[in-house]
C-alpha cells in the first residue's frame, strides 16, 4: 500500500508541477487561441493531479486530502521528473517540453488503463483521452515551428536540444517500479521507451528537426532530487496554505 | 505607543523590502565590484530593518521578534512605499531607484537623529552614516551612466522616467505623521522634500539627465496598499518560516 | 454635418430600412446598410469590451499559481479561459463590422483603444479574486444583460453567450467571498479589505453620470445602449448591497441607506476625480498591464509568423501534389 | 621538450635563482624569473580558484531571498560578499602573472577555463547552505591552508587572507547544521539529507587519487602543491567525521570506520565515474550556472562600457581644464 501511494505521487506530481508551470503562461500567450489551449492543458493536468492525489490519500488512509498533498510537502518530498519543473522559456521551450511529456503520458496512461488498481485504471482511461489530445496539440506545434520560418526552426531545435538531458529520467526504473510492475499496477517505465522513440522520431522528422543527444542526463526526481527551480515554484504555490494553515477556501 | 510601533514599521519595511530586492542581484552584477557594493548596501538595509524591528517589538511589548515581524505579515500589513518593491529591472533601474531612496533616507535619518525616542535617534545616527555612503555610491553611478555612453544615458533616463511616479508617495503625510511630528519622534515627510529636490536636481544635472514629471503618482504603501509585486516577494522571503513554523534556525 | 446630409439614393433606402429595423426592434445584421457612425460607435465599444476581456486575464492570472486550493485553482483557470473565449467572440463581432482582429489589437497596443480601467487596480490578495468575481463581474453582467437586447445582431448574440458564462463567474466569485466571510478573523479581514478597495471602482464601471456622458444619447437612439449609466449603477447597487449584508461585510459608504420612497438605495458621491485620473493615467497598475500585453504580443510575433509560414508551405505542397 | 632546453644565458641564471628560492622555501615574486610552465600552471590554478569563488556565489545566492531568519540572511550575504572579494584577490594574483581579469573571465565564459565542479550540484534546501559551509568550505580550507605555503608569493598571501575568512564561513555553516541537528525531526531530516548529498562530492573536491593525478607531480616539485590529493582528503575526513558524530548525523558511507593502526578513518570507494561525468557534463546544474554567469556578463556589458566612457570624458575635461 505504501508502494501504491508512492507510485501515485510520482504520477500526480508530474501533472501537478507541469500544470503549475503552464498557469504561468496565462495572459501571456502568443495568440489568444493558445492562451485558451494552454490553460485547457493546464486544467486537464491539474484535474489529473486532483484525482490521483485524492486516490492516494484514500489508499494511504490517514485522511490526507488532495490539498494536503499538494500544498504541505517541501521540495524533497516531491516525486516529479526534472522535465516538468523546467522554466517555461519561450513558446518553443514550452512546446518541446510539452510534446516530450505528452508522448510519455500517452504511453504511460495507455498502459495504466490495464492497472490492477481499478481506481487508477479508471483515472487512466479518462486521462488517456486528455493526454492524447495534448499530444496532438503539442505535436502540431512542433511541426509548425520546425517547418515554419528559419527563426522558429532554430528556436524549436534549440528547445529540444536543451530539454533532451531530461529524457532518460522518464524511463528510469527502480525497486519500486519493479514491485509496481510485478503487482500489475503500472508498466515498467523502460517498456514505454520504444513507442515514445518512434513517435518522437516521426514528429521530429516531419518537423525537419534533428533528434538531439544528451551527454549528462538528469535523474533522481522520482526519489525527491530536484533542480533549484522547484523550491521557487512551491514558494508561490503553497503560500496561502502555509500562511493561513488549516482554513477553508 | 501604537503610533510609534506603526511608524517604526514604516521605516523598517522600506529597508527590509529594498534589501530583499537587492539580494536578487547577488551573483548577477555587471562587474564583481558591484556585486560587492550591492550586497554591502543590502546588508546595511537588512541591518537597519533588524534594529528597527527589534525596537518596534520592544515598544509594542508583545514579545514579537525581528523575525516575527519580517516573516509573519501578509501583504496588507506591510507599510513600505511602492518604490522599494519595484522589480530590479536593469542596472539603471536599480540605480535610479536606489538613488531616489538614498536621497530620501539621508534626509529622513538625518532628521531622526534628533528624535525624542532615544533608541530611534541612536539607530538613526548609525543608519545615517550608511545611507550617506549609499547615496554617494548610487549618485556616482547615476552620473556615470547619465554622462557615459548613449545607451547608458538612454537607459538611466528611462529608469528615472519609469520610477518618477513613486516620488510623491515618499513625501505624503497622514494623521499618524502629524502625531509623530508633534511628539518630536520624526519629521514631517513633506519637510524633507526641498533638500531631496535640490540634491536630485544637482545630480541629474551633472548626469546630463532631465528631471521627469509624473501624471499619476502612486500612493498608499504606508497604509498597506501595494503593487502586485509584494506578494511574490513575500512568498519567497517567508517560505521557510511559514513552512516550518516556530523553529530555531 | 450629419450622416443624412450626403446619402446616395441607395443609401437613402438603406437608411430607411435601418430605421425601420430599429423601430421594429429587429436586429441589424452585418450585410445591412448602417450609418458610418453607428458602425464606428460599435467598433469602439465592442473592441473596448474585447480588450477588457484580454487585459482582464492578467489581474486574476496573477493568482493562478497561488490559488489556495486545487479546486479554486481549477475554477479560476476555467474562468480565465472563458474570458479569452469571450474576447474571441467579441473580436469576431468586430470583424463583422469590417475591422480585423489585427487592427483592433494594434489599436490597443499603441494606446488608441481603451479597455475597462477597472483592470488597472492591483490584485494583491486572494480575496481580490473573490471581489472581482462578485463585484466586477457582477457589474459587467448588469451591463451585458442590457446589451443582449442591443440592436446589432452579432454583438447581441455574443452577449447572450457571454452572459451565461459570466453569471457563473459571478457566482464563483461570490462563493469565494462566502468562504472568507464565514472563515477565520484573518479571512474576514481579507474579505472586508477587498470589498473596501473594489466597491467604488465597481460603481465607476458604469461610467459618468448621465448628465456628463458623451456617447450616451446617440447610443440610446440607436438602441445600442438601452438603459442609462445611472440607471444601471442603481440597479447594481440595489442588487449587491443585500449580498454584502448576507456576507456580514460593510459597504464602505457611510451614506448608503435604503430609501423607502424611491424603492432604491441612496449612496454617497462618487470620486470622479479618481475615475478621471485612472482613465487618464492608467491607474495604479495600468502601465504594468499594457507592458504585459505588449510583451506577449512582441514575444509571440515569431510564433504567429511561423504558423503562417507553415500553413503556406503546407498549402503549396498540397497544390504541388494535386498538380502531379 | 623541457623548459630547460632553450634557456638563454639570462634565463639560466634566472632558473638557478628560481630553484634556489624554491630550495630555501622563499617566495617567488611577480618580477622574478620563472619557468613558462610554472606560470601557466599557476594561472590555470589561480584562475580556476577565482572562477570557483564567482560561480560559488550562485548556489548560495539562491537562498538569500529565502533565508529562514534575518540574522541568517545577513550572515549569508556577508559570506557571499566575501566570496566576491576572494575572487578579486585571486584575479589580482593572476594579473601579477600577466593575465588580465578580462582574459581570465573570457576563458571561463567560453568554456576554456574550469571552476570547481562542486558548484554544479543543486542547492534545493536551506540545509544545503549549511552543508556547503561545513563541508565544501571545510574541504576548501584544507586545500587553502596548504596553499598558504605555496611557492608563489602573491598566491600564498591571497590565500592567507582568504583562509581567515573561509574558516569563519565554515564555522557559520557548521552552526547552521547544529541548529538543524538540534532542532525538530523535520529539521534533522533536512540536515541528514543535505549531508547525504554533499558528502561524496566534497571528498571528490580533492581531485583524483594520487596515482591518477595529472598535474600533481610537477605542482609538488614546484612547491605549489605541498600535500597530495589523498593526503588532504584523508585529513578532511579525519577532521569532519567527529563533527558529524557531534551533530548526531550519519555519514553516508557504510565502510567508514576508525582504523586504530593507521590512526585514520578508513572509507569506502569513491564513485569516480560520477566525478568524471560531472566534470565533463557540467553536473546537474552546470548549464544553469554558466548561463547565469554569461547573462550577468552580457547584461552588464553596457554598464562597463559606460563606466569607461565616463572616466574618459572626465579625464578629457580635467585635461582641458588644466590646459586653460
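Of note:
A, B, C and D label the chains in the order they appear, each numbered from 1.
In this section, a contact is a pair of C-beta atoms (placed from the backbone, for glycine too) under 8 Å apart; a residue touches a chain by one contact, two chains touch by 3 or more.
None of the values given here were measured: they were computed from a predicted structure.
Shared contact partners of subunit B and subunit D, listed by label: A.
In terms of C-beta pairs in contact, the better-connected of the chain pairs A-C and A-D is A-C.
Averaging Cα coordinates per chain places subunit A and subunit D 38 Å apart.
Here the CA centre of subunit A is 42 Å from the CA centre of subunit B. In this assembly, the C-alpha centroid of subunit C lies 59 Å from the C-alpha centroid of subunit D. Each of the following residues of subunit A touches two or more other chains: 74, 231, 235-236, 239.
The set of subunit C residues touching two or more other chains comprises 66.
Under the stated contact rule, the graph of chain-to-chain touches falls outside the line, ring, star and complete shapes. Under the contact rule stated at the top, the pairs of chains that touch are A-B, A-C, A-D, B-C, B-D.
Partner subunit B is touched in their complex by these residues of subunit C: 59, 62, 66, 122-125, 190, 193, 197, 277-278, 280-285, 288. Subunit D makes touch with subunit B in their complex at residues 54, 57-58, 61, 64-74, 77-78, 80-81, 84-85, 87-88, 91, 126, 176, 179-180, 182-184, 186-187, 292, 295-296, 299-307, 309-310, 313. Only residues 74, 231-232, 234-236, 238-239, 242-243, 245 of subunit B touch subunit A when the two sit together in their complex. Listed in rising order, the residues of subunit A touching subunit D in the complex are 74-76, 215-216, 218, 225-228, 230-231, 235.
Across the complex, subunit C is touched by residues 20, 23-24, 26-36, 39-40, 42-43, 46-47, 49-50, 53, 66-67, 70-71, 90-91, 143-145, 147-149, 151-152, 155, 233, 236-237, 239-241, 244, 247-249 of subunit A.
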